[in-house]
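Just below sit the structures, each encoded as structure tokens.
What follows is a pair of complexes built around chain A, which joins chain B in one and chain C in the other.
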Partner chain A sequence: MSRYTIDLASVWGLREMLLSGLLVTAELWILALALGLVGGLTVGLGRLSRRKVLAWPTSCVIEVFRGTPPLVQLFWFYYCLPILFDVRLSAVVTAVLSLGLFSSAYVGEIVRGGIQSVHKGQMQAARALGLSKLQALREVVIPQAVRRMWPPLMSQAVDVLKVTALASSITVPELMYQTYNATSRTFRFVEFYTVSALIYFAICLPLVLRLRRLEWRSGV
Partner chain B sequence: MGEPVVIVEGLHKAYGTTAVLRGIDLQVAAHEVLVIVGPSGSGKSTLLRCINFLEDYDAGRIRVNGRLVGKREINGRLVRDREANINDMRAEIGMVFQGFYLFPHRTVLQNVVLAPMRVRGLSRAEAEAGAEALLRRIGLLDKAHAFPEQLSGGQQQRVAIVRALAMKPAVMLFDEVTSALDPRLVGEVLDLMRELAREGRTMIVVTHEMGFARDVADRIAFMEHGVIVEEGTSAQLLDAPRDPRTQAFLGQVT
Partner chain C sequence: MEFRPGVLWEYRVFLLQGMANTAWLALVAQALALVVAVPTAVARLRGGAVIRRLAGGYVEFVRGTPALTQLFWIFYCIPIFTGLDWSPLWGAIVALGLNLGAYDAEAFRAGIQSVHFGQVQAARALGLSAWSTFWAVVLPQATRFVLPALLNNFIGLLLYTSIASTIGVHELTYAGGKLNTATFQSVVVFSGVAGLYLVLSLIASASVRRLERVQARRD
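On to the complex of A and B.
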């Protein structure tokens, strides 16, 4: 390692810049997760449907978003939507939409996997007792599925947080973007990228630790 | 014997091109125990699953307490009944499965009270009182707040039986309920079923336990390839089977 003098004062001097970036990251993250949960539940249940009109398009959506790089998706939404459909969205809205759809695809598979992991006999036993399909889902199948969905959902939340950094490439002023700006002002790459990494890590850590415990408890 | 509780007429069922039930006729009177025996794949389980409409059927009629199961008649044609009616009908038909299928996220007590509360609309207090009486009877009241995984297989299956009984069904269907059990746990489940038979429950039991069939059955039916080959009292069917297919089957299992 070369001799390098660390200058944390430069980071402290631009702390408000980083903080504003962090807030935008948090906003992006929470909105993308919320959209991902709603969208994921929809496409996950859709893909499970026996009706082809529902199952087929939802499968396509899931596979397209899982099979392409999120950075390409982001650029596509940012540059192609206005050209093709004359839709003009702000960078932040584009990022929320794009990341939300990206996580919908993964959450959709988590939802599907969770529900399919519940033995068919559970539904049958519930129906045999006279419960309606909806009651059986609500009282018997979904509670069991949700328990199994927790660990992958948390790991998905961590992934989405990391992917929010891509939004910097379409000028969303989130943490990564602000970090980059700070380095171009100060040339303190080591300090800023290290601090930025530590901030991401600090947000993920509680989730990762909780995940460990869940996985350990469910014996995964 | 009065009006039969279960009447099956000309029941046909196929999966794709494979015919599983090829014209089943049977009746079960109130307080009667019908045991169905036969080789694997003969359609015994499918028959039970049609009786509570877990499986749709292609032709024929099933009536429980005089009501058509799963279908209604419009201008002489049978169409699928409304879901609400199907659910009502199922509540009258108790079913116990080979795999128990207790709900693992609910305690024993919660397993038993779920349907009485949600389907029958009982209050929690009423449902729990009923459930506790049933659990006391099978000696598992002390497990009321345990989760299914904390119980032995035999205990789980007895809870599954009680869960079905809590709905006060008109008929109980048992689908090879001891087949998944450790041999030393089979006895406690069969004992409970014997007791239910003695108190006059109407039961249809699919089983491979020939000793149990002999003790408990008012009638035994032998099924093969989707038809009832022969039926009669246990003495007739087990000791003096007339049909060569029945003779061959009994020769293998006894």
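On to the complex of A and C.
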């Protein structure tokens, strides 16, 4: 085995490439999370609904997106949307849609779990005090549910960040894609993959640490 | 564009081979994960300052970086350091196994902590060595406690084996990609592949639910 010499100058030389990738990663992450929150609230509440017309389709969406690999979902959106709907979407838009729906399914389950975790007596008590069903939901149930939803939502945010790396396989020029390109230009695999992993880790770390504090405080 | 669902049947052997490789990859990675997870969990709970930090660092780093980055790192960089010439399949097994190992270690840590300390005292009082106490008393109870979490992690892994296609492992997603380029039946092929994964994961999650029911009845 020959001694390997680390050459960080090659990484510094291509810093702009990595930086542009990081910006696309951030864009993907934020948009997919935003879509995931809106979509997740919709499918989560839909699945809780007593009406079968709402509960059935939303359950199906959740099961399909949770039961298939995000990579296959990306391929599906990338290759099939243009054929099925006769639209031309950029790779970035395709990835946002795909990852947004992926996170909707998981956020949906978090929303459902959060609302179900609030004791039934809370709703009954609020109703007995004369609040309407909507008021009871808004003033009593949801605030308690949201407090419990925070930790899983934050860990979901970390998961979505990690999943954005898969978008590189449908040519979205995000961090992983740029890292791969940089290695094929310089053959500096160790340096680039390590730096890229550290960048992802640095973004996750504050969230993870905050999550620890939340979990510790709620005694989970 | 004409849809020909028949291509799935025509290439069934090819797809089933991919599915078999997916299952095999997941099972071997799971075995590796268990081998890594239990010592890591013990190290985090009972190790000295340095060992504890190392184990904690491994778990946090794996959980804080994308599995795809880990896969590329391991597949491309390990041969540079060791001179080892390995196949994509082994690269994927090691990467996915170490990834799952970190998640399973967290589960085991919670599981081991859930075993009442009185159990250890009782076992020691009966003359069992520290090793047999752990192996015969603590670990079985901990495993029973964490089994649902382990199975959920396994389902996650089963879906994540798809990333092995990016380094050229002939698993289900890779087979789908090849079939797509050969037939141009994107909708049929990718829906079919997604359907096969869905079947695998629904079977797995149904067995988790069943296990949870059986355990609940026993408790």
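Note that the second predicted complex is superposed on the first by the 218 of 220 C-alpha atoms of A that agree within 3 Å, B and C clash if a C-alpha of one lies under 4 Å from a C-alpha of the other, contacts with A are read in each partner's own complex, and residues count from 1 in each chain.
Everything below uses one rule, namely that a contact is a pair of C-beta atoms (placed from the backbone, for glycine too) under 8 Å apart; a residue touches a chain by one contact, two chains touch by 3 or more.
Bear in mind the structure is a predicted one, so any value in this text is a computation, not a measurement.
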Original post:
Just chain B (first), just chain C (second), both, or neither: which does A:132 touch?
Top reply: first
Original post:
Is A:85 in contact with chain B, with chain C, with both, or with neither (first, second, both, neither)?
Top reply: neither
Original post:
Looking at the overlay, what does A:76 touch: chain B (first), chain C (second), both, or neither?
Top reply: second
Original post:
Comparing chain C with chain B, which touches more residues belonging to chain A?
Top reply: C
**OP:** Note which residues of chain A are touching chain B in the complex, please.
**Re:** 119, 121-122, 124-133, 135, 139-140, 143-144, 147
Original post:
What residues on chain B touch chain A, complex-wise?
Top reply: 52, 54, 83-84, 87-88, 90-95, 97, 99, 101-105, 114-115, 118-119, 160, 163-164, 167
Original post:
For chain A, which residues count as touching chain C in their complex?
Top reply: 1-2, 4, 63-64, 66-73, 75-76, 79-80, 83-84, 158, 161-166, 168-169, 176, 179-180, 183, 189-190, 193-194, 196-197, 200-201, 204-205, 208
Original post:
In the complex of these two chains, what residues of chain C are touching chain A?
Top reply: 1, 60-61, 63-70, 72-73, 76-77, 80-83, 159-163, 165-166, 173, 176-177, 180, 186-187, 190-191, 193-194, 197-198, 201-202, 205
